[in-house]
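The same chain A turns up in both complexes below, where it pairs with chain B and then with chain C.
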Partner chain A sequence: MSTVTADLSPPLSLPFHAGALAVLAVAYLVVPFIGSSYLFEAILLPFLALSLAGVGLNILTGYAGQVSLGSAAFMAVGAFAAYNFNLRVEALPLIGSIVLAGLSAAAIGIVFGLPSLRLRGFYLAVSTLAAQFFVQWALTKFGWFSNNSASGVIDAPPLSLAGLSFEGPVGRYLFALTVVAVLTFLAYRLVSSQTGRNFIAVRDNETAARIIGVPVLRTKLLAFGVSSFIIGVAGVLWAFAYLRTVEPAGFNLDRSFQILFIVIIGGLASIRGAFFGAALIVVFPLVLSRLGAFLLGDIFDSGVLDMTQRIVIGAFIILFLVLEPDGLVALWDRLKSRITAALRRA
Partner chain B sequence: MSASNFLLVGLSSEVAVPPDIAEHLALRATSAEVPGPRPDEALALELYGIDLSFGGVVALKDVDLSVRHGEIRAIIGPNGAGKSSLINVISGVYKPDRGHVAINGAAYRPVPTQKLAKLGIARTFQNLALFKGLSVLDNVAAGRAYAGRSNFLSQIIGLPHARREQTDARERARRVIDFLHLTPYLDRLAGTLPYGLQKRVELARALAAEPRILLLDEPMAGMTATEKNELADYVRLARDEYAITVVLIEHDIGVVMGLSDRIAVLDYGRKIADGTPEEIASDQRVIDAYLGVPPENEDGEGI
Partner chain C sequence: MTLYTKIRAAAFAAGIGLAAIAAPALADEQHFPLQSYRVGPYAAGGTGFFGGFIDYLNLINTRDGGVNGVKLTWSEAETQYEVERGVEAYERLKSNQGIAAWNPLSVGIAYAMIDRITQDKVPLITINHGRTDSTDGRVFPYVFPLLLNPYSETSGIVNYIASKEGGLESLKGKKIVVLYHGSPYGKETIPIYELLAEKYGFELQQIEVPHPGNEQQSQWLTIRRAKPDYVVLRGWGVMNPVALKTAAKTGFPVDHIIGNVWSNSEEDVIPAGDAAKGYTAITTQASGAEYPVVKEIVKTVYDAGKGNLEDKNRIGSVYHNLGIVNGILNVEAVRIAQEKFGKRTLTGDEVRWGFEHLQLDPARVEALGAKDLFHSINVTWDNHEGNGYVTFQQWDGKKWNVVSDWIAPDWALLRPIIEKSSEAYAAEKGIKLRTAEDAEAATN
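And now, the complex of A and B:
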């Protein structure tokens, strides 16, 4: 019956599930056995953390249409909250600390989302910068957050879940992969629910949304809350699984922009887009440094690399905004449909 | 914001505003009857003495309007006569400077936009206001947003009541889509449809809310004569099928004559005529307004 098929919601659900399951199967069953520790430490762990942050920001910016430049601040809130819950609450399992960290980030996100009730677009983006500067300032200013460590840099606790300990690069990879997979699935459920459609309604036409009875204010704050929750957990992964240290400096404005670029390059309003964008942002500098060292030798030192990286990524963003505003995801889909069309013809 | 202007509840604030005492007394006399039986059982919508201005520009001046249950009520007038402003006052997008709107007997000033759908009012917009990033089905199902009770967590988990709600919204949306012959476009993104179809999707979204009163802001603007007649048929059909009251703004006096039960004519923000199509067609002031003859304005107001 038609209602039953309607219940499975979005029209693209089957290929998405099939593709996602295939990727997950490879990620769990193949990668841990063939990957080198370099692959895990330098590529997959930052990729996973940034992808999750991208998913979080995409809910806010891509789906609900609220621009935010404070993503790194919410990551920092997540990382420091998880550290402190873990340190100060006895017998709290790590998963509990992570959930509470996400909730702390959500609370801060909702507070800094309040201006969105009156501000839009560019002005809102600037007001979210306040989160960026305030959080970084507070974390550096008050030693309590970093347990009065002299350097402000603290070691992350070991990862364990339900009695299993996730040691070493592969263990941390599997831990991060599990967290990312679960949250991404929940995010996907959210954006294909009525609430997700309310996000899009508010983004596309706020007045019309209000008139048909979408609770606009609540919807915006919910978007800030959910988005910050996910970004906060991404911050925990960044600090606990990837860097193994927690420090405010790693969550600066550059990181916020990086996440915004991930969303723009990957594709706004697309969960997959965050992964495409993060892959590009993480892999591209490594490719560039290899390529530069190969072609130019010693001239291509870290200073030149850094500069080249910025220039090329800047060019990428301009190109994407002009030529493919829907991002890598749209390119990918077009490629896929062309290949299937060619296969059908053959 | 200015919820204290709620006329029925805020009697004290009414006293605090003294500009025209006689008027307020009259107003209170009518309001006093409101909690009991409605002042006029047959009225779905009433506007009393609506004034609206933007800075120094007067958009509406002392406009009264009554809409009976189940009728198709047209508001016509030349460009800039204040037609859209009137719809925006009824739907709470604009807050009138004076006067109030009574919906099914309860008076509001301003009309609470957030609760509009719950009050049984749906509307379309002069410039398309679809959600471009949603499919036709989701756009129309969005018309049920006001009926949603489930929160985002139960939707993520897929609890039975959230699923039921979603199925129900889609089922109703499908019926309206079918009714307006939009089924072939069900899964298309609304933003990719041609203009005439987008207008119809907007009508479908409004109908999906199953309103008692439907406000249509120039539903036929930019359409060909054939499309206009087609849409007029849909409006009439919708009224008969869903038993709704329709308030319709239209520029094209020809289409309106055949479609509406009663017509109000606005010019320079004032209501210059109100009656059946036949009365309107023979009204000298209406003819003057449409042919551009300067109206005789003894008191010099409104220009």
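And now, the complex of A and C:
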């Protein structure tokens, strides 16, 4: 990951605030009134959950430079922990279950982060695979985790906070949006603090970081902990707000790769990048599949269309990474500066 | 940060636009949204089943002009048997008008849909699979595991093994290994096998094969060490031929492997070659193209070039015939509901009423051209399975041969277990048990 340029996020400034607040305002005040249930259920809810997972992985991979292929496992830990806390601890409010779920994921994340003290790069990636396989195995093997449900599938409890119910597509969207907004803000504050600079120092040159007094061991484990916390909460959103039911197999290696792609395509070491990447990964296949079904649906069956879609997406990703290795964020920033320059000239 | 909102808006607008163009006319039409899977590890099941289903709907449209003049329409979205894609497909397809029923053919997707379809009041059909306790119509008004729920299947298989050994008493001391698919579908029967083992006194070992199941060396070595009398194969897709081949490699006799209802197709045995010769499997519908309804499909649909299967050799295969039987059950439910509510496009809740009165005795099945294809069905408001009969077929290397009569699973034994589970679900979810009067009323 040493090719990534050091992107010290700017301190809180007005323009960032303005942009983020505008998006939030639209998300809270406009979208709930104009969106259809398809928009919420099939696009925005998976988008929000995957974006949050992307933010989490970006802290670990983008900022702290530790490659992980265990993201889906931490999502699974979050989802199943929240389910069990909610089920087994009487009178615990949902928000309590979610925080405890995040902490459980963080604990597991720190345990599987221990090899990072000795391993780097591909070797670390391979060792995080262990998390992926171990967690899925444990959740399948021990029926206790799914309350001995015959098929190992858990049912999400109703979403409510402080007496407010978040049922229905719009309610679940607002719930997810709030969780994502709060955690993203905290993540943003974290990466622009001293800890965030420690992450980057460890990523760019571990030895140099050690010499200037960065506690490398603590920093790495902290990165694993924080990242897994956020990914765990993303898992809760995936299970409780989006699918409303969850089986361990839903959090397989494919999902881990998906989150890694979100981070790489969106832009490493950028909080915004996770959102760009997730938008592309969630929306692009849907647009393609609709377009394909509309244009060619009468000629080919859905199977052929689906295969074509994969080829197109694969080609697109290769092309994109060749032309813009710094991710969608870099593309967006360039576009913005050009527009601003053009406006100034005009 | 407005690029993604723009993309999203554009995508959404495109979606809405397409949906508007693709929406069917509001004439008398009944719609079947199909969350099919024609690619991925389970494509063989998906293409056969949805092919048969579509072929039957086509037959009804072409031969009869629809059900009492109401045309049947359908639309497809690919799920690859993945839950997220299934949910997306559900949200995409539910904007269609006049939806009769959903048939996702995936336990995972069905589980994710239960809350949603209950809210929308549209039936969810999980023929031969699904959540066992959804058999209890008091708790699950809109879910129908038609013909054979997983517990009945288990009971049927155990009864068949008993009949080969000389009665249920002879099961005592025998050893049975269940090799199951590592998915919600595969795990559904774990508790009922344990219960039957305790009841009949046979020794039981249940071994999981992780999805998709193309590597089973260690499982079969375990089986070899355990030396069971029978192995029950509760597989799906690629897991089945691999199991049969690995069994041959490790020297387990194939005629002591009994396949469940999703391990019983040509696509499961042909790839295994000689290793599958002598393999026996349970089924609710016989295979073969000699049944009148299959012949009519060939004549009316395939000869007109409108058949759904690309490979015509698969006509009359197990999955294709299951799709046809599924078509019969869906269409007859619509027909029965039309008799009560009128010959027009029905609401989902009215079709639900039709399914709850889906009673086809052997005479009616014969009239539909399906004598010996399947036995009968008898769905009521509180029994959503409908007491389907099973039979066993053996693979001779070229085709399946029926080797048993139509066997009835032990429904009386299973019902209390099902009710216990569904009542627990109702308590957890705060659902009030439905009564016969509740079931009689249908909203339009």
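Going forward, the second predicted complex is superposed on the first by the 312 of 346 C-alpha atoms of A that agree within 3 Å, B and C clash if a C-alpha of one lies under 4 Å from a C-alpha of the other, contacts with A are read in each partner's own complex, and residues count from 1 in each chain.
In this text, a contact is a pair of C-beta atoms (placed from the backbone, for glycine too) under 8 Å apart; a residue touches a chain by one contact, two chains touch by 3 or more.
The structure presented is a predicted model; accordingly, all values stated were derived computationally and were not measured.
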item: Chain C versus chain B, contacts on chain A by residue; value: C
item: Touched partner set for A:A125, first chain B, second chain C, both or neither; value: neither
item: Touching partner for A:S37 - first (chain B), second (chain C), both, neither; value: second
item: Touched partner set for A:I212, first chain B, second chain C, both or neither; value: first
item: Touched partner set for A:T195, first chain B, second chain C, both or neither; value: first
item: First (chain B), second (chain C), both or neither touched by A:A181; value: neither
item: Shared contact residues on chain A - chain B and chain C; value: none
item: Contacting residues of chain A [partner chain B, same complex]; value: 2-3, 6-7, 9, 11, 186, 189-190, 193-195, 197-198, 200-201, 203-205, 207-216, 222, 226, 269
item: Residues on chain B engaged by chain A in the complex (per definition of touch); value: 91, 93, 113-118, 122-123, 125, 129-135, 138, 141-143, 145-148, 150-152, 155-158, 162-163, 165-167, 169-171, 174, 187, 205, 209
item: In the complex, chain C residues that touch chain A; value: 1-5, 7-8, 11-12, 14-16, 18, 21-22, 36-39, 43, 46-47, 76-78, 80, 83-84, 87-88, 91-92, 95, 107-108, 111-112, 114-116, 131-132, 182-185, 187-191, 208, 211, 421, 428-429
item: Complex contacts: residues of chain A adjacent to chain C; value: 19-20, 22-23, 26, 35-39, 41-44, 46-47, 140, 150-153, 155, 242-245, 247, 249-250, 272, 275-276, 279-280, 283, 286-287, 289-291, 293-294, 301-307, 328, 332, 335
